[in-house]
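Consider the two complexes below, in which chain A is the common component and chain B and chain C are the respective partners.
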Partner chain A sequence: MSLALALEIVFAVVVLSAAVWTIAAREIFPAVAGFVGYGLLLALVWMRLGAPDVALTEAAIGGGLTGALLLGAAAPLRASERPVAVEGPGRVLRWLAAALSATVAVALAASVLFLPDPAPTLAPAAAENASATGLGNPVTNVLMAFRAMDTMLEKVVLLLALVGVWSLAPDRFWGGRPGPRHHADPLGVLAFLARLLPPLGIVVGIYMLWAGADHPGGAFQGGTILAAMWLLVMMAGLTDTPPVSRRWLRVVLIAGPAVFLIVGIGGLALGDGFLAYPVAYAKPLILAIEFAMTLTIAVTLALLVAGPPERSAER
Partner chain B sequence: MSEAIVFGLCAAVAVGLGLYGVIANPHPLRKILALNLLGSGVFLYFGVVARRGAAVGFGGDPVPQALVITGIVVAFSATALAIALLWRLFQATGSATLRDDAPASAGANVTHR
Partner chain C sequence: MSFALHIVTIAAISAGAFFFLAGTIGLLRFPDVLTRLHALTKADNLGLGLVVLGLLPLAGSMREGLKLVCVWILVLLASATVSQLIAYTARRDGQPP
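And then the complex of A and B:
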């Protein structure tokens, strides 16, 4: 057995241990902690699979932001744990669920072993057409040019999710500020970090956006880091969440999808079709969309974690 | 390409574990967790398929990789919405049960409008 294979098996076992813990832990809080660990370990697996762009996204969103969201929800929901625990399915149903899950897992495992060889791939096509956009990162090429429609619709999904979260606000708080007002010791560690990290984080976030054209990174990863910095400042109580009725907030939220749509429709008028960039302007157009998207992603992700409005705008 | 097999099997087990958790764990937050686990297993399977398609100097086929990035973001927004729904349920009824016949008095100690 080669060293690389041994390392991969160890990775897989550790990742799956975290997954088992997430499902089997008795209480919510340890389960969530297990899931955050699972997300971070999974980022390492993505590196091994030659996908650094996905690894960055998984670490930032799958591990970091989902973790913040779940941990924030787990603390107040602890009280609801015991009454619900007795409602679990009976022994028979559990065994049936285990049998079903095992069957699905075995079928998937078998399909892994019998995947077609040689594997079908679009990598040569992506390499062939890379010169059309002037970007060096093939994944950014796919996201922003070859499959730009997916990325645009995904922006719309993010916005719809935020509308859904906001619409859960009680009527009297509609248009108010999301979440509780956080208070932290102004001389404590959290407030210290919230002053120390954002300048660095903002630079890293913007760098990741800029480097994403030719190297691993891009609008999602950069936007997520910016969102994390804003959340950190809000959680340390250094600033409050903005009322969701603010006009600047609404403008930022639709900036990404709006610029994307305008460029797309422009392609319909000037180029070969919807979202077809004129080759001479492909790179500046893609960068313009990415800049608008990064800002929108940062604000949308942070507000998704902050939750529905819980206070009126005045307070 | 040993990593494709090892992590492919890993993805299959993650999907199985997630599916079991969705069915067997009664608490909605645990179900959300399990669903995320299931989803990450599916993404990992995509990653394995992408890795097998490595060619022309790329570490993997960039198309499935880009789809996974989009998928991770969409999964996150779905999770945020699910948690907001759960939180509202908890605020409104004082419990997080998904049962239809939940006792109505459970929310008595929670402030109603």
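And then the complex of A and C:
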């Protein structure tokens, strides 16, 4: 048995253990911790499979952002956890849910195992037409050109998710500031980190976006890092969350999908169809969309973590 | 020269792995928050530092080596901050010291 195979088996076993732990943990907090570990391990698996783009996204979104969202949701639930556990779903319902999940898992496994060999793939077609956009990273090509519609709708979904979170705000706080006002010792370690790290993080975030044209990276990964930096500064109490009624905030939130739509409609008028880039301007157009999207993603993700408005705009 | 560098790599990464192992055992076995943090920081600071040191001779270029050192410094920064915050919270919530 080669060393690489042994490593792969260890990865598979550890990822499956983390998944089982996440499901089997009886309390919320250990389950969330298991989920974060699962996300980070999955990122390693994607690296091993030679998919650094997916690995970066998995580490940033699956491990980092979703973990933060779940922790935020778990914190207020902890106090009421025990009484709720007593009146949980009945045995029959639990078995039905388990049977349904198992069926889905078996069906997925079967469909992967019985794929024709070689598996159907569009990779050669994508590689063949890679020169059409002037970008070197095939993943960015697929996301921004060949399947641009999916990427645009994904951004709209993100925006809808944020609207969903905001709609939980009580009427009197509508338009106010999301989340609690964080206070930390202004001379403490958190405030120190929040002053030291963001310059570095902002450079790394923008580098991720820029590198995404030719190397692993892109708008989502870069945007997540920028969001994390903003959240760090807010959690250290150095700045407050902006009121959700601010005009600049709304403009940034819709900038990504809006630029995408405008370019798409422009393609309808000038090019071959909706979202068809004129070949000569493909790269600058894609970069413009990615730049706007990075800002939108950063602000959207940070505000998703910050939660619904719960204070009036005046402090 | 390359033989000596390989010895350095093997020795440093083995020492790093030892600190990770010791840190993990400490994390699992020590009785309270502060001692567990003490164990954990050994894995982050020394363990990762030694692994990075061992990987430096294998780095293809100056840039790669600098990236490795940057990773270590960032982890140091993050782990030091998080340990302080966990210890502060544990003390405030009245965990036994």
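The rule is short, and it goes like this: the second predicted complex is superposed on the first by the 290 of 315 C-alpha atoms of A that agree within 3 Å, B and C clash if a C-alpha of one lies under 4 Å from a C-alpha of the other, contacts with A are read in each partner's own complex, and residues count from 1 in each chain.
The rule is short, and it goes like this: a contact is a pair of C-beta atoms (placed from the backbone, for glycine too) under 8 Å apart; a residue touches a chain by one contact, two chains touch by 3 or more.
Keep in mind that this is a model prediction, so the values were computed, not measured.
Shared-chain residue A:46: touches chain B; no touch with chain C.
Contacts of A:307 after superposition on the shared chain: chain B is touched, whereas chain C is not. Which of chain B and chain C touches more residues of chain A: that partner is B. When the two complexes are overlaid on their common chain A, residue A:196 makes contact with chain C while staying clear of chain B.
In the overlay built on the shared chain, the residue A:268 is in contact with neither chain B nor chain C.
Residues of chain A touching chain C in their complex: 188-190, 192-193, 196-197, 200. Those residues of chain C that touch chain A in the complex are listed here as 74, 77-78, 80-81, 84-85, 88.
Within the complex formed with chain A, the residues of chain B that make contact are 2-21, 23-30, 32-34, 36-37, 40, 43-45, 47-63, 65-70, 72-74, 76-81, 83-88, 90, 95-99, 113.
Residues 2, 4-5, 8-9, 11-12, 15-16, 19-20, 22-23, 28, 31-32, 35, 38-39, 42, 45-46, 48-54, 57-58, 61-62, 65-66, 69-70, 73-74, 76-77, 80-81, 83-85, 87-89, 93-94, 97-98, 100-102, 104-106, 108-109, 112-113, 115, 119-124, 126-127, 138-139, 141-143, 146-147, 150-151, 154, 157-158, 160-162, 164-165, 168, 170-172, 218, 220, 297, 301, 304-305, 307-308 of chain A are the ones touching chain B in the complex.
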